[in-house]
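Notes follow the structure.
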């Protein structure tokens, strides 16, 4: 569904992504893990069109992605839930959610309504604060809002940048289950960038390990979970939890 | 009785002036709420609108058509301005963007000076020259027009921003442009649209004032400044509040002028505005901002 | 690191020497032409004002649309105290500065509770109110007709009448002003200001008293403006309120933005570019369009301003600083290769990166 | 070890209709590490904001080093020796990393606007000291090699570290950390845990909010649990992990098992 | 570059500074155009004593600093023989100290009497001016009021230098003529609606209302007076002497009366009027060159240029000689009036240089002969 070939991205002079090859199949969850500054957020940003690659090829559903054109990429059904939540802080929770469906509100208004209710069921916490400005929510509530808003877009490819950040353990668990459901029910493909590596690998089908801008390990998530090198480097030596 | 009629007169004066400020202030607010830019060339759109309209009328174009044409012309200029000056500088700081709009305002004023010279021009009132008498006070038809149009714009914009989906999307652009793009909102298109519409509103304001106060190449600055105050007092991102702010400023000026001395009028109205600001640091009608740590 | 610092120091010394030579030699370079000298003096005066504003805008992140009011306070204080009260110009200059600082304090306390555009409006309002005072307080300011007969500045028994003398006097003030500003910027105070710029909550939770620093810097910028105003009054010997209204305030803002407010030199550079651009257009436009009047100059000025800011949003100093940092980056890269060990201890968390 | 550093008494905060924190009391002793946990929206950040003086409480008291500090401004508290980090990062993103940290040293320096402007020798000495301290602090968290980078360009996780260094450089007696581990992977969190433990040895006291239970369990001496603004439990990690209310509201059955 | 042509023998350099843009552009622009036109005319006719006049004109953008800088440039760099200009009083006053020090004949176009009679006694050896000072205009106006018996009047002036200067002169001379202001008000130059202020004027019940401002703001006030149904005569200042005032004020302009230079009603003057011929010629030339009617301000520039050119024709290029020729000008027939200069009078005009004009059916009509 999505294929990246030899993608190079720079921030100014800084060579951040050094020839990334990546594939995401329909209805698959792909986890991307790696240290701080490895370039995970940059990778997602590049697919979403926030950064333009200097070199390389990105193909989505057999068509090349328009580099660096965020709106057009969103139009194709790719949605990024970015780092730091990026919610509309003076708009109400409700408006935030509805804007998530901006791309399709004209086409399928009824559907959007249904999704809206479904999403609220998933995050009952939000239900109680629909009229509050998004910026006044607690950190975790904002994170839920950001994820929920991403779901409202009903994308073909959903990219989540550290969605578990700031969420209570119980909620993280629920969210991961939700992602699996999403793939099963709607065939949404998901790229999941996580620091909560264990949870991510447990949820994902496939996984990539990014190190200083290059992919160093790639394989089935379960294999990686068992891989000693990965365990040592990313799961904490003891591999607890 | 005389005191009463003076009061009513002042009220009408305030409403008239206020409605003019309101239309320009609306332009400010629309531009600001979509692009986050305080466009100090906004007053010059009023100037351009008025002068275009006068030129069209003088060259024999029917009145209504002239109004439409000049609004369109100014919208086109606004669009060009957005594409050539604002869009390339999107990432700059607030101060830089403000100065860019000041620079553009210089250009507009200079060009107007070249084209129309320094003389003020007159435009005929929309309807009739007679004045209305009410409660012992006088009000011109043109003022009624001004008030009516700004009230209509008030309602329209209130509905647009608070009731329509597009209105939300438009506000999203300035609250968080990055997120807006990720939602698929084309912020460049929105910004173009917003500035064009603001320019159109400015032009309309200019056309409405021209019969009242005449029009000349340098009329934009003061109107712009007053409307700026109105917008800020109202709360900048809130169109209805800006209009309320505009009427407040108009009223304040009118009553200060009527009951106190005129020499200090400017200082009095600014002073009062400052007082207002000190007690309501986010404008009189600020909504909840949604900022916390 | 040591070596690098020494290199920078040496470069700085050279720059300083060269600067001093240019400063001393400039009047002879221009053959003592009074017109050029007075342009330079004007640049110097503006530079004082805009250096103060640079501190306020670039470091404290506060926009002032009423700075000309302080310029006016200095000018009128000097004018009145010397012409009518018979004070020495130096005393009057100091008194003006103190007065400006006090006004800034009184105004600043309520004003700095505001933010961004509200702050801009409040300073604008302050500017308008002060302008009204200058205009209406005829007994002291002479009203719109202006203030005549301001004596020239004297040092000892020697009157600083010629442009040449005034050039050196103003330059001394500018240098002192730049030095002072430069010191502030690289001190605890400057850091605190920039921190406020970045995040007020964070700054305050680290112990920075936000209100105090904002006020102090506002007062300092008022003092800069006031001193420049005093000097102007003694230089031209005639002032009127129009010099201190809103439009001049906007011009000061333009200078700061052209120069770039992220660096103390921004004020000086902005003032120089602003004045020179105006003079240059005055010379060039008639050549291009022989029959054009001043309006063309305005059009060109506006266009240049817009283009300049589009391509240099951080002002001229921004461009220079970017170039410099590129050079510095390169030299640091080289250093990295020389001393790779330094990077190794950095691996304590999350491994090495980029 | 036993002196009480911070005491929170019956602290409450409501925003309009929202009761964010209700009658919470607890205390922190010197050189202790106390964690505050609880579901999202439980009021943890709000509690921190009240303790650090950023928002005034609706009712209740905060005592720091024996004196009542409710109503004091954040900068006054910082001068008294209490600093913090933020859940939503509040870095000075246009300043370099080392400058960020030097700002943290602010309360330790004296020179005002005049002595700074005239660059008196005292100021020069202070500046050097500030820089040295900043570097030694950066070394501790392992960021020396990034000292000259603009803080805003650092990856998220590193920015967290800069915030911690910035809060610690003035050697405050109490540091409040709001989700310090967020954005770090387990390996990195573990290293930060070591840093924090080492700092505790040097006499620092921490009060922190965290959702990463592994970290909480491994370093907290005591844990305070909030739910819907109320304190529902307090105790040692062992006690908390077994506490049925906590399991129900926060940890979930699964997490409790390990 | 303008300065490199040197101080050749075949050229006389004349400097000029006008406010051709900025706030005072309506005044300065016709001034600049008039002088440019005249220079061309004179040069086409062979210049002065066979020497061509080289005009170096700067626009001070209505800004005092610019005026000072431009003056220095004229003196130091362009090394001109004489200077004309300073459209507004503030700029002229800022220029004068420099000019006096440099010793260059200077003719100002601005009105303030401080220009030639400074209250602080600073030197005015080299300075002349051609505009009627406000004192002269006010005297004319007061004489008119006295004649009509309108002694209780309302005084309204625009809140800028023009308005306040008029106000000061009015306050100074009114008692002399037995005229009293029952109410005194100011309005902004950017006024949109002055009814608020006028309600108070109405209450004061004056016999006539004096509005002292320039075209745009005066038109608004005039309209508002009539809209409020205030029926007393309206007397205004010479600042409204342009067609655009009539356009702007519409019907309300009818009956407005004001003192002004003769150029406005040149063709209505009796043939015996000594200025008539000169006025008509200037009018014709200017309209031909620029396509619009000349103003009184352009007239001041016309006078200044001719005074200077005549003086140079008589005295050559020696500055002191030019100056003394200027000072001894007698019976020079100009646009603003007939000039009689002397050592104590560097303006040379009196109240007779003005006439009262009334607006009738959209036209300026001479109200006296």
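General observations
Letters are used for the chains, namely A, B, C, D and E, taken in the order the chains are written, and counting of residues starts over at 1 for each.
The rule is simple: a contact is a pair of C-beta atoms (placed from the backbone, for glycine too) under 8 Å apart; a residue touches a chain by one contact, two chains touch by 3 or more.
The UniProt protein names, listed by chain, are A, D = ABC transporter ATP-binding protein; B, C = Branched-chain amino acid ABC transporter permease.
Not measured: the values here are computed from a predicted model.
Fewest steps needed to get from subunit A to subunit B, stepping only to touching chains, is 1. The minimum number of touch steps separating subunit A from subunit E is 2.
Look at the CA centroids: the one farthest from the centroid of subunit A belongs to E. Looking at B-C alongside C-E, one finds more C-beta pairs in contact between the chains of B-C. Chain centres here are Cα averages; for subunit A and subunit C they lie 47 Å apart. Taking the mean of the C-alpha atoms as each chain's centre, subunit C and subunit D sit 39 Å apart. Centre to centre, using the average C-alpha position, subunit B and subunit E are separated by 36 Å. Of all residues in subunit B, those touching 2 or more other chains are 110, 113, 263, 266, 293, listed in ascending order. Taken residue by residue, subunit D touches two or more other chains at 45, 54, 86-88, 90, 155, 157-158, 184-185, 187-188, whereas all remaining positions touch fewer. Along subunit C, residues 201, 295, 297-298, 349-350, 352-353 each make contact with two or more other chains. Looking at the complex, you find that subunit B touches subunit C at residues 38, 85, 88-89, 91-96, 98-100, 102-111, 113-114, 225, 228-229, 232-233, 236, 263-264, 266-267, 270-271, 273-274, 277-278, 281-283, 293. Interface residues of subunit C, counted against subunit D in their complex, comprise 180-181, 183-184, 186-192, 194-195, 197-199, 201-210, 216-217, 220, 332, 342-343, 345-350, 352-353. Residues of subunit D that touch subunit A in their complex: 15, 18, 38-46, 87-89, 153-158, 179, 182-190, 211, 213-214, 250-252, 254-255, 258. Across the complex, subunit C meets subunit E through its residues 33-36, 38-39, 42, 135, 143-146, 148-149, 163, 236-238, 240, 242-243, 278-279, 282-283, 286, 293-295, 297-298.
On the subunit D side of its complex with subunit C, the touching residues are 52-54, 73-75, 77-79, 83-84, 86, 90-95, 99, 102-104, 106-107, 109, 111-113, 116-119, 123, 126-127, 130, 139, 141-146, 148, 155, 157-158, 161, 166-167, 170, 184-185, 187-188, 191-192, 195.
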